[in-house]
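In the two assemblies presented below, chain A is common to both, partnered first by chain B and then by chain C.
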Partner chain A sequence: MIQAIFRKEFFKIRGPGLLVIAAHICILLYLYVATRRLFMLDHPEVVWYRVLHLGQIHFGLLKNIPLLSGILIACFQFLPEMWGERFRLSLHLPVPPGFVALTHLLVGLTVYCAMALADLFGLGLITGLFFPWQGIKISLLTALPWTMAGAGAYLGMALALLEPNFRLKAVNLLIGAGITGLYLQTVDPGAYEPCLALLSVPLGLMMLAVLLPVFRFRCRRVG
Partner chain B sequence: MTPVIHVEHLSHRYGKRYIYKDLNFSITPGKIYGLLGKNGVGKTTLIKILMGFLRPVSGRCTVFGEDSHALTPAARARIGLLFEGHLAYEFMSIRQIEKFYAPFYPSWDERIYYRMVKKLGLSPGHLIRQMSCGQRSQVVLGLLMAQQPELLLLDDYSIGLDAGYRRLFLDEMRDYLAQGNRTVFLTSHVIQDMENFVDEAIFLERGGNLMTTSLAQFKTDFSCFRLPVSANGSTSGMNREQMLSACPMLKNIEIHKDHWDLFTFTPVRELENALKNTDIPGNLLETIPLSLEDAFIGYTGRY
Partner chain C sequence: MNPKAQAVYYVLVILVSAVYLPMLYDKIFMDEVEKTHLFYSPVSQDFILMEKIVGKVPDPAKGFALDHHSNQAYMKADGTYVPRKTFERHLPFIYYKNMEIRGLLPITLNGQTFDKITIKAQRRVLELKAKDLAEKSPHVPFYPLLESNPGQARLVFPEDRFRMTDSDMEFINADENAVDPVFTKMYTYTLKKKGFKFPARSVNGKFSVLKPFDEGVFIVDRDYHVFHVKRVNDKPEIKKTPISPELRIRAIQVSENSQKKFYGLALEGNGGISLMSYDNYRLIPLPLNNFDPDRMDLKLIFNPLYCTAVYSDGTVIRAVLLDDSFSPVKRYEHTMSRATATPATRFRNLLFPFALALGPTPDSRYVKARLVPGTIWSLSGMGICALLFAGGAKIFTGQWPRGMRTATVALTGLYGLVAMVIATISD
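Let's look at the complex of A and B:
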């Protein structure tokens, strides 16, 4: 049954998902070109000094990409479900609604994580071509919270899109924006390192919170 | 016999407007029930409540003995639900949607589905979003039939269908019902289709007044009598409301330029006497033959 839901979600998001993947590849290519340009304009030791000692981020472009990807994946996944309230079709299936909701989230998060890991891998690879291993480590530690912001944006959008009540939709959007903002603070590179494990807790809680709008959608009281 | 659906003291409202107050009815297994009523009387709302997508303000609904807002997966597996507008996942193809639903239903029979969609002459890879409303209805009905549910709930199955697809839909339903012990609860705006199809009609009116009868009985008992307008002139200028209050046996009055049409379940003699008591010459009444649609509109009112 999980397989059936995965297959349905694959059919739904494969087209727009491919566009997002293509956009990610283009951005990584641009990042490679931009990093290479740094070394063409300055001596390597100057660039290294700026990046490794002064904390300049050479991949700042990546900061908002996971956020946008998370929002887009949630929209591709849940807007067709809410259009004409088609999600009722899945919620009438003879399985618990919580199972349906979590499986949908699992699909979205799997797609998002695949993209995010590809981004991190690409970033590591590009950084590794030009910097020593300390550069790779600091880059990944800087980009990891941004990746978590994308997951937060995905869950926040799911929370808002699945909510049947418009006022609560707005509240859920604010909650999603607030939690996502936690991961996007302007701090020194790698400054989030000590609290990365702690920062994953709100994401787990958001995942469970998505069950609430789904239950409200499944069995709402209007009157 | 345990009812398939049991509705007890059901009340529901949107804002301050009550859709029903104290609605009560039951449906027994093995029959086809048609829920009939004008737009806005709450037919779709009732289906939503029965399937647990809406919690009523008060009262209780059970389906297969379970509270409708807490149906277990096992109960849902016994129910085939057609959403208004033949709702389907339109990004999937004929084959993909069958593969999606099949693992959820233990009695799934793909032969039923493919037998029905074969009539469309489309390839299995054809996307649902590229289908007409009629073609989509056949796919959706095929999915419902392949589930082999004990109860079919069809919310306005006729919407967007031409006469041919409506006929095809009803023919498929008959085949389904021939397998025995199957129950259908449907709503429709096309009253003619109901005539030779439903066993029991449930007439739902604004405010939740409800009448359950067979359509044959309804057609026999419900009558229209025409009163020439000149006769009204001799009734002290009674208006519609006064007339309805003076003759409580009247269900509805339609006022036309040169005549009034009086709708009632009462035999003509009794109506004549009642009219005479209000100084209206009842002997001028003319019996008007009614089609089922005329009778339905006469019963529910035109607007």
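Let's look at the complex of A and C:
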């Protein structure tokens, strides 16, 4: 069953998903060009000073990209399910609805994590071309909470889209925005390092909380 | 409905509320007040301070409202308020530019006459902030070693930076982004020859070119010996300082100054703080009572007549006047106005049983998650919320709410109330 759901979801989001991946690749290419340009305009030691000592973030463009990707993936995945309430069909498969919902989330999160990891890998690669490993480490520590924000945005959107009641949809959007905001504070590069493990807890809670609108959707009164 | 999913959902609502509701309240009702500025006046021979008054402005301070903002107070240690211009006249070594404009320079104090040039040459401020300590700030351990004899007026960054590995002082060339084996070998060899034990505990320096000259870096080795490392004509100049390893030097705040009296401030393992002099790195302990470097910011203000050490946490500011031998002459302590409880503070305590704060703190640049507990007043708030919830549920639904829901509100106050109102809607 899990394979069937994976296949269904894969066919559903592969088209728009590829567009998002293409956008990520373009952004990473731009990031390379922008970072290279920093070194063309100034002496490398001065760029190192600005980035590694003064905390200038040379990849600030990446801050909101995971957030947008998380929102888009959730929309690609759950908007078609909610149009015409097609998700009802999946929830009446001979498996527990919680399992169905979690499998859907797992697909979305797998796609999102693949993109986020590609972003982090690309960022590490670009930074590694121009900076020593201390630069790579601080860049990844800076970008990691942003990618967690993307996961929060994905789960927040899922929470809102799967909720059948419009008032609660608004509440769920606020919850999603609130959790996402935790990872997007304007702080020194790498400042999130000590609390990254703790900040994964709200994401775990959100994943379980998504089950509530799913149950409410399944048990709602129609008509 | 799945009760576990429901419980997790409400925990999430409480968590988000506990982060954002207090934050929103603070943005709307709480005034962010900076710390009090405390000085020693060579004119009145006493301490004098400037602070923003939180809450009701005392009548004597209001008298000077026309001079500046009514809640900006200039107060002498005896509690009398003065106008801003009088305050500035009490501090001629701080406000010497204004004094000159007003024709009050040169000034004669203690039988000595000071003009602008003398004051400027003898003023100096050394600062050590809790949040600037290496372990409290996400700094990159990768440092420039400036050429101390640049052969020109302006300092420039070298083409390389260094990092301390477990066995080497490793230089990386910025043009190549690769290890420079020549410099690495040269500095590592010289360090080891001088008795340096890897790995290093800390690297301390002022990593800037905006300073009059360069004094290199101070590196604390594995055994807490302090080494003074400089680059002179592209060659290492390394000295093992006589600073006792028993002091377990934790940090050195280096600040090059043309007076060439002190390299900067040295923080010891036991929290003591000393001035590190040019006299063979002699440490001069500063007699600071109740100083905690992990919570407090320290400012050492040198002027032509005195040195004043001013240190503060979030609520209390302390100052000690030091003589030429850095012995205490006079001390002063003041609870800052920013610590005053206002009606907004009291209502906040009533409203929120606790708060979840996420972000940098006054003594750390790292993002920290903290549970900030409420006060005894919060208990009343929790009770009121529980009553409101039970009464509201009875009025709107015609029946008393479930015991578990009321207990949630009673334990989590306003946040629980928000969660349980959502629960009632979703029913």
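Convention: the second predicted complex is superposed on the first by the 220 of 223 C-alpha atoms of A that agree within 3 Å, B and C clash if a C-alpha of one lies under 4 Å from a C-alpha of the other, contacts with A are read in each partner's own complex, and residues count from 1 in each chain.
In this section, a residue touches a chain if its C-beta (ideal position, glycine included) is under 8 Å from a C-beta of that chain, and two chains touch if they have at least 3 such contacts.
Being a predicted model, the structure only gives us computed values, none of them experimental.
Novice: Fit or clash for chain B plus chain C once both are placed on chain A?
Specialist: By the criteria stated at the top, chain C and chain B fit after superposition, with no clash.
Novice: What is the contact status of A:F6 with respect to chain B (first) and chain C (second): first, second, both, or neither?
Specialist: In the superposed model, A:F6 contacts neither chain B nor chain C.
Novice: Treating the CA centre of chain A as the corner point, state the angle out to chain B and chain C, nearest 10°.
Specialist: So the angle at the centre of chain A is 140 degrees.
Novice: Kindly classify A:P189 by the partners it touches after superposition: chain B alone (first), chain C alone (second), both, or neither?
Specialist: Touch partner of A:P189: chain C, not chain B.
Novice: Identify which of chain B and chain C touches the larger number of residues of chain A.
Specialist: Looking at chain A, the partner in contact with more of its residues is C.
Novice: Between chain B (first) and chain C (second), which, if any, makes contact with A:L93: first, second, both or neither?
Specialist: In the superposition, A:L93 touches chain B alone.
Novice: Going by the contact rule set out at the top, does A:Y32 touch chain B (first), chain C (second), both, or neither?
Specialist: In the superposed model, A:Y32 contacts neither chain B nor chain C.
Novice: Applying the touch criterion given at the start, work out whether A:P132 contacts chain B, chain C, both or neither, answering first, second, both or neither.
Specialist: It touches chain C, and chain B stays clear.
Novice: In the superposed arrangement, does A:P80 touch chain B (first), chain C (second), both or neither?
Specialist: A:P80: touches chain B, not chain C.
Novice: Which value in Å is the smallest Cα separation between chain B and chain C when the structures are fitted on chain A?
Specialist: Minimum over all C-alpha pairs of chain B and chain C: 10 Å.
Novice: Mind sorting out which residues of chain A both chain B and chain C touch, each in its own complex?
Specialist: In chain A, positions 219 sit in both the chain B and chain C interfaces.
Novice: Within the complex, which stretch of chain A touches chain C?
Specialist: Result: residues 43-49, 52-53, 98, 129-132, 134-135, 138, 141, 165, 167-168, 171, 174-175, 178-179, 181-182, 185, 187-195, 198-199, 202, 205-206, 208-209, 211-212, 215-216, 219 of chain A touch chain C.
Novice: Please name which positions on chain A make contact with chain B in the complex.
Specialist: Within the complex, chain A touches chain B at residues 1, 3-4, 7-8, 11-12, 80, 84-86, 88-89, 91-96, 218-223.
Novice: Tell me, which parts of chain B touch chain A in their complex?
Specialist: Chain B residues touching chain A: 12-15, 51-57, 69-70, 73-74, 76-77, 79, 81, 83, 85, 87-89, 91-92, 96, 99-105.
Novice: Going by the contact rule set out above, which residues of chain C touch chain A in the complex?
Specialist: 1-2, 4-6, 8-9, 11-13, 15-16, 19-20, 137-142, 144, 157-161, 163, 172, 174-175, 177, 207, 358-360, 365-369, 422, 425-426
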